[in-house]
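Please find one structure pasted underneath; my questions will follow.
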């Protein structure tokens, strides 16, 4: 931003912002509609589909909070516990595996890498039943273990691959220098690669949080007890295809459920911008 | 282009390399264990089930290749393949181009970067939720936003979700709408490019555009490649959005019957999990072939720092 | 990079192990009888938050009467419920008491997942339950479940729209399909833009009604396709004529609604259609959504038909898991759900009009206007209903999907009614492996 004072630069910037904002409004229209609907009485949501509420009310938030078996903060808490544990598991186990794939040569590397990618390619729906059988044999059904423990064993190949790609884009001169200084792989991983991979780690944490937070089906089948329910599972109990869905409450609580993820995103993105460019990497 | 400069280390002694092997397996240990315990079993089980008739309720019965033979003259499978390939080959380039363009625009020193990034990311947070089905109808339904806009110009729209010719298009738009994930990955990639490269190039007198094409883009190729591979895999398995929007039917008239939707319908709707497993393994072969092709082509255009 | 698949030779032992695990995974649903002789039951159902709250109250009332039995409720929405149930049944971990509906009792019962109610007949009485609804849970003389309540398909009319168009409400005791079409055309001309005379009437239950009126049925008693292509052709000839007359909405609108069965989003629920066919227990949700009083009527053609096409349907079925360790306790609980006036007074008409006549009488004073209208409708219909419905055979849960797909083709003019009729019969035959 060296041309702050240049006049043609300014009009170009205004134009740029106008385009970015217009684009943002289009992007957000459905969301705005949801916010508007969350403050309308349920009966009028579909009868009067305009985005401007004729009268607004917070009833849906108040009623929605306690409409289910337990107050909504219990579901928020349950979701948060699972999401935080999943982040810890993913960051640790996936970065270890990613370091090995990206920086080490060992027999079987290509085969393992292919196998790792292949695990991404089988549709979830045929794995659900055998997985459920496995976890029920372990006696883990009705606990959060099936949702957490596997994360500590790097089952999310997506993140391994993500980190591999990031680590491979780091200049290799760095670890070679460290190796000459006598560092082993453990120290190179912890002292050099991890600090430089903050953007990748934050990205992984962010996606783990979001995907865990929004994951519906596995949480539904493993957490049968209503007291263990998470946000997406709880939101479904507002809906009934056979009649009498409290849409206003559903939208209101959807927004409440969206808030923590969005908050996490806002907090995380500060670290995203602290990549190499700003940490003064020389 | 940045070459492999610097001193090449002297070839490491054998003992160090062997210790290196051991260290590598230590690093891989959690993943190997997880693979053996949590992943491999269910995957092999699904392979076994693909050779059986399995209604979920009763124990599986061995069928041999019958399920795979049935796939040969399954006309709904054929239409699901057409829908899925169309979807993948249209929506992946659209989404990635959009994500890269926005990431680069946002990375070029726009004021309020965080604000825009958050706004553009918000839809992606919403993508899988129950509400999306309703929200999407507010945009593309008979009385939705699109038709209200068209109405201003005197054009009478149809229900875009309800029309078999356009319904898949609305899914492509929905997918493009949630470009947040690849955008964030692109942004992180852009941030990870060491500033020294840009500084060096600037000293050499390279302009903005030249720097983008000669430094940013080559250094970003591992990330572009990552997004491409993953989005292709992901698009083939696209499920949730098509499911919530069509109420799980793949309708109207199978026009949005993505492969996994059909697989799900056979497995859980028709109690035919054996056939669903066969469908899954066929899909795996298709995706693996395309991914392998992607990796082969990558040698021509992906640049790694190592 | 080559993606190598693992070699089959190494797979064999693993497959075997997995197969064993899959088949052996049936050993009960977990809970050992807890200390102190208390038994814990799991009860699964689908539905919204209101139903969940009411059901919890019923559970509390039951536990007060039976201190040694504890019931844990598990609930989610309709679609997810059945996916979850299938997964749990596969792993042998389904709830002890399972709520089912439509053709599902047969899908599960025929495959041995449900307990024969006769085995626990001493605990679970069915003598006061409406016989027709009870028949919905019976196949090959085995009782796989007990109905929670009774339901019937009905013509839902919106009097406000009739009034706006200045068209008199039909005499639904005697109306015929010709009357229905004539009124629809008249409404189409007189209703303001954006309002429709009818919502597209095609749905499997209406095909049941329509074919039963002609002495056929969607399925025969021995599990085959019973509806003739002639009947199907006549049906689609009628609906395409309604579409051409703009009495029913454009094809794309009908198709859009197929995937969204929530009453609030239907044309009737938004006050946009004067006539539609729907289940009687939807009346309350539709009325609330429309914000206008709606009426339930007999469907056309009943009085002049060879036999009445309407029937009394079990709205939901309570079944007991064949693998439960607590058959007796589960039976006691189901007995409480369907036969206890105390439970009835909490559930009211949420799961259909109670099938037990005593319970029905007990709840009458507590009902709202809409709910008592439903009861009146069912009671008036009971003596006029046709023979009990033949529930579809295994595989028939695919039929609604097949019908929806062909219906879109017909409405968009891609297939002629006669060709769609042939196709429908062919596809359903293949789904039920006839």
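Structure notes:
First chain written, first letter: the chains are A, B and C, and each begins at residue 1.
Convention: a residue touches a chain if its C-beta (ideal position, glycine included) is under 8 Å from a C-beta of that chain, and two chains touch if they have at least 3 such contacts.
Keep in mind it's a predicted model, so treat the numbers as computed, not measured.
Chain contact topology: the protein chains form a complete graph, every chain touching every other one. In this structure, the chain pairs A-B and A-C differ in their number of contacting C-beta pairs, and the larger number is found at A-B.
Chain A and chain C have CA centres that are 37 Å apart. Between chain A and chain B the centroid-to-centroid distance comes to 15 Å (mean Cα coordinates, whole Å).
Looking at chain A, one finds that residues 117-118, 129-130, 133-134, 216, 236, 239, 247 touch two or more other chains.
In chain C, 1-3, 18, 21-22, 79, 83, 86-87, 90, 261, 265 are the positions where the chain touches two or more neighbouring chains simultaneously. Counting only residues that touch two or more partner chains, chain B has 41, 45, 56, 134, 268, 273, 288, 291. Chain A makes touch with chain C in their complex at residues 42-43, 45-47, 67-69, 110-111, 113-114, 117-118, 128-130, 132-134, 136-137, 141, 216-217, 220-221, 224-226, 233, 236-247, 249. In the complex of the two chains, the chain B residues touching chain C come out as 40-41, 44-45, 47-48, 55-60, 133-134, 137, 141-142, 158-164, 245-249, 251-254, 265, 268-271, 273, 288, 291-292, 295-296. Those residues of chain B that touch chain A in the shared complex are 2, 4-7, 9, 20-21, 23-25, 27-35, 37-39, 41-43, 45-46, 49, 56, 105, 109-114, 116-132, 134-136, 138-139, 143, 145, 177, 181, 184-185, 187-196, 219, 222-223, 225-226, 229-230, 233, 236-237, 239, 259-260, 263-264, 267-268, 273, 276-277, 279-281, 283-284, 287-288, 291, 304-306. Listed in rising order, the residues of chain C touching chain A in the complex are 1-4, 18, 21-22, 25, 30, 42, 46-53, 56, 72-80, 83-84, 86-88, 90-93, 261-265, 269-271, 281-282, 284-286, 288-291.
Interface residues of chain A, counted against chain B in their complex, comprise 1, 13, 16-17, 20, 23-24, 27-31, 33-34, 49, 92-94, 96-97, 99-100, 102-107, 109, 112, 115-127, 129-131, 133-134, 150, 152-155, 158, 160-162, 165-166, 168-173, 176-177, 179-180, 184-186, 189, 196-197, 199-200, 202-203, 206-207, 210, 214-216, 232, 235-236, 239, 247, 250-251, 254, 257-258, 261-262, 265-266, 269-270, 272-278, 280-282.
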